[in-house]
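Here the structure comes first, spelled out in structure tokens, and everything after it is commentary.
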């Protein structure tokens, strides 16, 4: 009897180490890895600010104002003699807070509204979309100017204003997703089974819509930080002496030609953060798209 | 590419483009002046902002004018005298003067001008200054007017050079157009007012003084960005910029293409403390805040040294200023001690409201006062919001927890009464006046009133010395500094000067 | 199709009414007193009261809204508190400047963004793709006021090539419009890239390849034409963000357009101007959205954004 040659082999499959697997995953999903890495740097800097930057971001030294970078002050000092490096690092906390609160608020208000609009009858749908269209018609800055001017200038009101003009994006997105999901077989099955509308909205619709919504949130994150900077430029931003990046850039613009450090470093920080969020968002979007 | 086939058209259009591309080229020589805010009105009697006053200055004149050496000289009045009581003044008017719309300038016009301010129903913005002391103005004949004062007022002549006393055309005023179309008697008349963009003033060929000494045209623009102002001077888009942002002083001084002018100013910067809000009602607490303030540090950090630390509520250029008055020293320990005496050994929390331009002062004070245990909450507000908040009554300020406000006040060289009365007189408590902290001290009120009617200068100054000491001791304000007046011009510009307080005078300026 | 257009058109006035209400309410809720601001810090309470009366601000809110709404419909947007000129004429003078800036910015954005997006799509995953993507994201993450000031310093002060401020010649257009164009360029580049990629993987493109058409022809004729939809989307639907960018850009460059006008008006609480300009801007955005959605429905009836 001759041994039959078959495709089946007796060799053991090669063991893949956890590190190897992680590295392969990273290589295949470069955007997520890169975006995630950048954001992680910012988050870590925010969490461990006192360790990363031992200087006090609020301590003024009126003798040593507007100094260029040096060993004592890696990013130099600002017009009140405060250490820019410390302010940038602690500013990460504020920027992340801005992103979390504004995006969070926009999602918490916009997503339920959108799902409700998608699931409800014509009139409720039209009414909600009419309200969203009105909000959406306002250029973000114009709406923020009005809201902050009404509520008063403060970081909290800034975040509320930005959240408000971001709401329509989330409600429209959720509504369109809901409309698409509504006609799916498993949802129709759930409806005919008599499952309550509320349960359908949370367990069927929301669960399946959450991914594109998260992708959108990474893109909104960038807008939040930049809007805060523009509003600081218009005098409606964070109150002194908060080391908010946008406010720091805005203050630094009064010394153009004299001292670039005051605006450069917070500006770079903003750019890296927005870059990180956008790359992460792109990567997530690629991941979720079944066609690729 | 057929466009360029026709060489002549191409040459012509590129020549036009080149001509258009050169900034500031016009057939007439223009002096470009850039300030930090837009004009509030074209009527000098209906606004009180210094920069608007500067813009209106070439177009309007009063009975008396100021020369560059700050002395008072005849303008629309040729001579004047008062009766022995000092309450009745007679002015002889210049003959042959016409307003820029043809209306003749005579006693009737003068009377109409002052009556519109005495009219309580009219409510013009600058009338307040006049109504305290002016009783009536009458025409004796076509070329003579008489002023009757309620009380003797030493600053009367000086006031005649300012806002509400500048002569506007009665015709334009009656027509209601004076707010947007300036009509005065000055060497320049309004060429064009493009709202939000610029104001163009052109020479008035019918000016009584002959040929105006300045450039053919004066063009006023404005920007809120200090960097842009500085850049405009560097590119030559602006020939004069006012107020000059002190941060760029070194840069300009080192540059031979530009000149920086620094003169003693009259704007006193202070923190007005709400004397009706605990614990600021205790004079020891207010004094403690004064001791906790490093004025020299603020001058260096905020004004780059272009200011004098304040030792008195008056600016050094104000007649009656007491140089010998001892200032508060920078003494944190003394501050802490006073606070302890007042019952606040661990300090307390208070707030301050600031506008964008003074926000940094708030930040600086925040860090300083923290050393004495005072937590200062700085609320930066836009001008509209700030104005409303600053002028609230005691109940309103209590409700919003407004402990103090940072601002400045300038009385030019028009006399100490114009600094004391609006800021420290009890009747000037907001919202009626600018006494934002509701300071009420009968002794001070008495001193101010007495000085206001003392015609003898030495006696008057002695009373003002007492008044300054009283204000210092009672500390309704934390006095910070007196700002120098800074403006910058291109090196080839001559003849620009500034009235203490920041009102730049450009009507005699020429570019070489 | 017609029903779709009609339905969209009927929705317009409703949106505009809602917008006008929101604008009116928001502005009236603004703290700060225009009368006090106009009168100045030295003015007495009485002068301020007088000013309030002169400005018609002592009437009841519904009365003020009614006169505002009626006026808006008849082309009268009130009188500016500051300049005492009719708001409509002030807007008419400034609108061309903002529109000119917007059009120039869009042209630049399309001229640079589309080719960049195409190159990124064609050389996907290669270094041109990475470069374009990074540049695009950087462009979308720069604070525009900072970019504007840096440009002014470099090109006007240091190099002296361009005029610093205002709208004096055709050269004045360059810096403001390029600054304004940075964000739309980035967005258009990325959108063109992703829609090109999507289209290129579709069957009819593969058919074209199989038929032996030259790659150049394929890209230009088929892919680009279908990638136009996202461009229309950006220009039409992101018009609001361009207006927002114009606000900051115009303020820095002293550009005599509506953006700067609005910022000044807010500073002085010039209610009629704030109302009028916001209404005009929002109407513009709504119209552009409407036109964009219409165009998309016409070009590709399968895609309806409803």
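We call the chains A, B and C, going by the order they appear; numbering starts again at 1 in every chain.
Heads up, the rule we're going with is that a contact is a pair of C-beta atoms (placed from the backbone, for glycine too) under 8 Å apart; a residue touches a chain by one contact, two chains touch by 3 or more.
Quick caveat: nothing in here was measured; it's all calculated off a predicted structure.
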Maximum centroid distance from chain B, chain identifier (CA atoms): A
Chain pair, A-B or A-C, that carries the greater number of C-beta contacts: A-C
Innermost chain, taking as reference the mean of every protein Cα atom displayed: C
Euclidean distance of C-alpha centroids - chain B vs chain C, Å: 38
Distance from chain B to chain A - Cα centre to Cα centre, in angstrom: 47
Chain A-chain C separation of Cα centroids, rounded to whole Å: 23
Multi-chain contact residues (two or more partners), chain C: 30-32, 149, 153, 157, 251, 266
Overlap residues in chain B, where contacts from two or more other chains coincide: 225, 227, 231, 382, 385
Residues of chain A engaged with two or more neighbouring chains: 149, 152, 253, 256-257
Residues of chain B that touch chain C when the two form their complex: 17, 20-21, 23, 38, 40-41, 46-49, 120-129, 179-180, 194-197, 221, 223-225, 227-228, 231-232, 234-235, 237, 382-388, 391, 407, 422, 431-434
Chain A - residues contacting chain B, complex: 58-60, 62, 65, 79-81, 149, 152-153, 235-236, 239-241, 253-258
Chain B to chain A touching residues, read off their complex: 225-227, 230-231, 245, 247-248, 251, 294, 297-298, 300-301, 356, 359-360, 362-364, 366-367, 378-382, 385
Residue ranges of chain C touching chain B (in the complex, touch as defined): 30-34, 36-51, 80, 82-85, 90, 94, 149, 152-153, 156-157, 160, 163-166, 168-171, 251-252, 254, 256, 260-261, 264, 266-269
In the complex, chain A residues that touch chain C: 130-131, 133-134, 136-142, 145-147, 149-150, 152, 222, 226, 229-230, 233-234, 246, 249-250, 253, 256-257, 263, 267, 270-271, 273-275, 278-279, 282, 291
